[in-house]
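After this come two complexes, each holding subunit A, first together with subunit B and then together with subunit C.
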Partner chain A sequence: MFEITYEVVVFVLGITAVLAAFGVILCASPIYCALYLIGNMICLALLFLLFNAEFIAAVQIIVYAGAVMILFLFIIALLGGKKEISEPSVQRSSAFTFVILLFCELLLAAAVKPTHPITGDMAPDVVNAIGSAKAVGIELFSRHLVPFELASILLLIATIGIICLAKFSYLPARRRLK
Partner chain B sequence: MWDDILQFIDPVLDAGFIIGTVKAVVIVVALLGIVPALVWLERRLMGRFQVRLGPNRVGPLGFGQPIADSIKLLFKESIIQSSADKFLFHLAPAVVVFTAIVTFSVIPFGESFTVFGEKIGLWGANINSGLLFVFAISGMGVYGMVLAGLSSNNKYSLMGGLRSSAQMISYELTLGLSALSVIVMTGSLNLIDLVDSQKSLPFILVQPLAFILFFIAGVAETNRAPFDLPEAEQELVAGFHTEYTGMKFAMFFMGEYVNMVTMSSLVTLLFLGGWNSYGLPLWPILAFAGKVFFLLCVFIWLRSTFPRLRYDRLMTFGWKILLPLCLFNLLVTAVIKVL
Partner chain C sequence: MEPILAPESIDLVSIAPVLVLTVFAMGVMVLDLFAGKSKTLLAFVSIVGLLMTAISAFAKVGLPVFSFNDSYTVDHLSVCFILIFTLSSALAILISIDYNDRENIKAGEFYSLVLFCTVGMIVLASSTDLIMIFLGIEIVSICLYVLAGIRRNHLKSNEAALKYFLLGAFATGFLLYGMALMYGATGTTNLISIADLIKSDGVKSEPLLMIGAVLLLIGFGFKVASVPFHMWAPDVYQGAPSPVTAFMAVGPKAAALVAFFRVFAETLPEISFFWETLLVTISILTMFIGNLGAIMQTNIKRLLAYSSVSHVGYILMAVLVKNTLGSASLIFYMVTYAFMIFGVFAIIIMLGRKGDENLEIEGYSGLGFKHPVIALCMTVFMLSLGGLPPLAGFVAKFYIFNAALQEGFLMLVIIAVLNSAISLYYYLKVIVYMYMKEPVREFQLSITPITLFVVALAIIGTIQLGIFPDPILSLAQQ
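And now, the complex of A and B:
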């Protein structure tokens, strides 16, 4: 009974995520595109939750659905999202070809045999004992420390670069007017 | 017919399901029932703070006032201007109320007790990353305001929506980082563990700076004065809810007051020791309720004391004062923890 319900919920969530993703690329109004993307991200977070990854689900919602998408909406509101008028063009048709190719590639996945979970130190019973947040932390800061630090340095460089690009000169206002 | 229904839901009808349903209903009804009482409290207290009486005509002590107000709001005509985006216009207040109520579902307000052999905890759900869940869902609440601003097709609403999104991003950092210094001390994201680790003394004595920062950021997150820039009357008419009427207008306030209760509960759980009464002969739940009530009064007190900030000052305050202080506090806490 529970198994069937679980499978059905996972399936419905997955389908909803795919439909929301389609909404992102097919919708004409930028506001609705952003909303579909939020819906997609919430679906992904719920899938994580169904696979017992509470921490990843919460982080997914905080970072992507919360912070990143609110910036998207902020920019859309600032620039005034107008509805696009769709007209057939070369880019459009090539984009659709690309999407169809990708979809065909995805169908190849059906030929792949059942997947196996990755085994490691963090077996489900260990994760249940210490909580998923701690499990992620232990993995991240012991075995994957170097890639993690490299990624953080990359982000820091990007931040400094953006500050350098966006910084306006500190000339007094009167001289700037000339 | 009744037997057929019972037969159909029989496998679902175990104790856990019933307890969960009852809890959900109780939490939602209690939260929505608290809102009119809080409005009454706010108006009465504001009256006292400003040396006037406040509403005192309808019923004893003005208790009938919130009822009269809700009836008025329910029967008002709902007007939508023709240039608005109808779907988003309807969606926005629903998002605000929904996220506000869902956030409260993980807030524990007492120890568990046993009834008919079933252990019942005084919380909606006890999840391991409870604190993260609260931040995640309450962060989604700002979409309601932004969508209200965007869909109204009105300059003032748009400005209000923009302001609320910028403000939320800035102050969420402070909120999270000041809570992080408490998490570093306890090593758990579970709200019940957090309360249990404050058995001997509340964290407000250990982490006074984090408490102040968290409370300031909390006031900003709930869009209360002096941080209610998204609805500043002197500049933006009423901000993001300028175009709203009737019950949809009231739903924004419902969301705001429920958020106030949630934020007060969170401050109580993180810094004031939750339901620990520290020697006072009180029921745990009464100790918790008393602390939350006090914090709610502080919210109202702040509103009638401070003037509204200017918007650029608000941003500067958030990014240049609160955030560095938070990081400093976190650093010191981490160093002490390691040593």
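And now, the complex of A and C:
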């Protein structure tokens, strides 16, 4: 008799996420790729939910499956999502080998002995008492304060960089060569 | 409402260099609004900022100091590297002043991005936490993607930025995957705790740790451009603006190498039986492919790109040595390398003019007769890069090889010496063109005092460190 346990649900969700990821790289049409990517992100959000990280799950859905994917779809719509014609080539097959290698690695990671337990101030009962959003906030602003501030520098640089590249008048390459 | 607990070990003095430089980088952005058309003022403000950063590196006494829950370290290695970063960034800004005028790069952001990039390098050199290392690498990389493509209307520059961005993002994936696996195996991202855990046999799932280490090796390999992850280097070095190329070849590379050293030599020496062979292979391949690739090149920037790949091969030996001798030789090598590279690139910039950068080695024919002093400087840098005594390049190589010999890497050292000999071929080729061929074109040098100053400084550094290496060496060895 097959019983649906917690482990089985986690495993099935994980496999679905990996399959969705395969869909992203194997589909010829960009729109389908984007849809598979959404599927992958929803699977990840469900996994977070299963690990009692409700806040991260919500963020995953809102930010990635919501905002980022909408941008993706907009850009695909802007550029015209034509099907790409696939030609068999050495590079393509070597890329496949590589992906399969990484996948095997993932299976190996699943087969290894139990990983090291993570210790910290946030025991399950503490998280239950204050809620996972607050737990994330407390961790971010205390233990991970410096990385948090560095991430803000990173975002600032990305903004400066893209404005810097976009503000110059730009001639398309075709017209420049004339 | 419970109060948020402050980290136990908050110590703002320890991150003084990061704070000072961040303030200056943002200040340059604001000043850009009032600076008008000429951005030279911003360059000098940036240099003042770098100077203050170098001074603030000495804010802590009684090294090593650990702060922010052991995620940030001020030790001898990080202080020395902060000095190297500020030196290389200052030289890059100095040689970019005239270049930017000539090539019409009128962006104050250029200087700000160089400073932010230096912030990232300082974080990389000082952090002992995987999360911080990742953020440091990303800060450095994003600045470099933009800097490489800052000449919007230049096809090669566009190509460089795009290639660098795609491959860099790909490499970041490896790095992050490796860090995640390492976190899974040890339950912490802190390098000191990871080292303790491995020492006390606390790791339950060793395969996970090893796969993580391999992925980290690949990720760092991309960032330092070691073979087989060096493909981007020639195209990016060729397409990026010359000052940015020089900057990339020294500062960010040194930063990635010191993070490499911290992760592998300081954190994972206990499992070195496993990554040592891999790293030896990578080091040998890097030397050979770098040097053999450089022989074929006709473009001086591509030649230097391959030569810098081969130099990474030598420097990786310092990581293999794993002790303070290794870190000291790493510091010394990077100081001398900074002087040599910035000297060469200052001359390359001098030889170009608006719209024509004159990057083919053939264009250097006859330079020795027309402009003997500049040709002589170029000769000194080339011989030093090739590792001839009594120049700095020789001493730097000697110390790395010596350190590797003491750890018993005899074969590796023999191969490295052999490679030094191969490398002389293409360094001498440039000299042969300068002194033994008839000029094929008119030279219109754009010599300016600032660029001349950089060349003079680099010459003094190259010769001084070659003949009297002791002061810097004793500083590096403390």
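Odds and ends about this structure:
One rule holds for everything that comes next: the second predicted complex is superposed on the first by the 157 of 178 C-alpha atoms of A that agree within 3 Å, B and C clash if a C-alpha of one lies under 4 Å from a C-alpha of the other, contacts with A are read in each partner's own complex, and residues count from 1 in each chain.
Note that in this section a contact is a pair of C-beta atoms (placed from the backbone, for glycine too) under 8 Å apart; a residue touches a chain by one contact, two chains touch by 3 or more.
No experiment lies behind these values; they were computed from the predicted model shown.
Clash-free side-by-side placement of subunit B and subunit C is the outcome of superposition onto subunit A. In the superposition on chain A, contact is made by A:154 with subunit C only, not with subunit B. Touch counts on subunit A: comparing subunit C and subunit B, the chain ahead is C.
In the overlay built on the shared chain, the residue A:108 is in contact with subunit C alone; subunit B does not reach it. Least inter-chain distance for subunit B and subunit C in the combined superposition, rounded to the nearest angstrom, is 8, based on C-alpha atoms.
Overlap of the subunit B and subunit C interfaces on subunit A: none, as no residue is touched by both.
Here subunit A touches subunit B in the complex through residues 1, 31, 38, 54-55, 58-59, 61-62, 65-67, 70-71, 73-74, 76-78, 81, 131-133, going by the rule given at the top. Here subunit A touches subunit C in the complex through residues 105, 108-109, 112-119, 130, 137-138, 141-147, 150-151, 153-154, 156-158, 160-165, 168-171, 173, 176, going by the rule given at the top.
Note for the complex: subunit B touches subunit A at residues 11, 85, 88, 127-129, 132-133, 135-137, 139-140, 142-143, 146-147, 149-150, 158, 161-162, 165-166, 168-169, 172, 188-190. Contact residues on subunit C toward subunit A in their complex (touch as defined above): 2, 4-7, 10, 15, 22, 26, 29, 68-69, 71-72, 107, 109-110, 112-113, 116, 119, 123, 129, 131-132, 135-136, 138-139, 142-143, 145-146, 149-150, 152-153, 155, 158, 181, 184-188, 197, 202-205, 207-208, 211.
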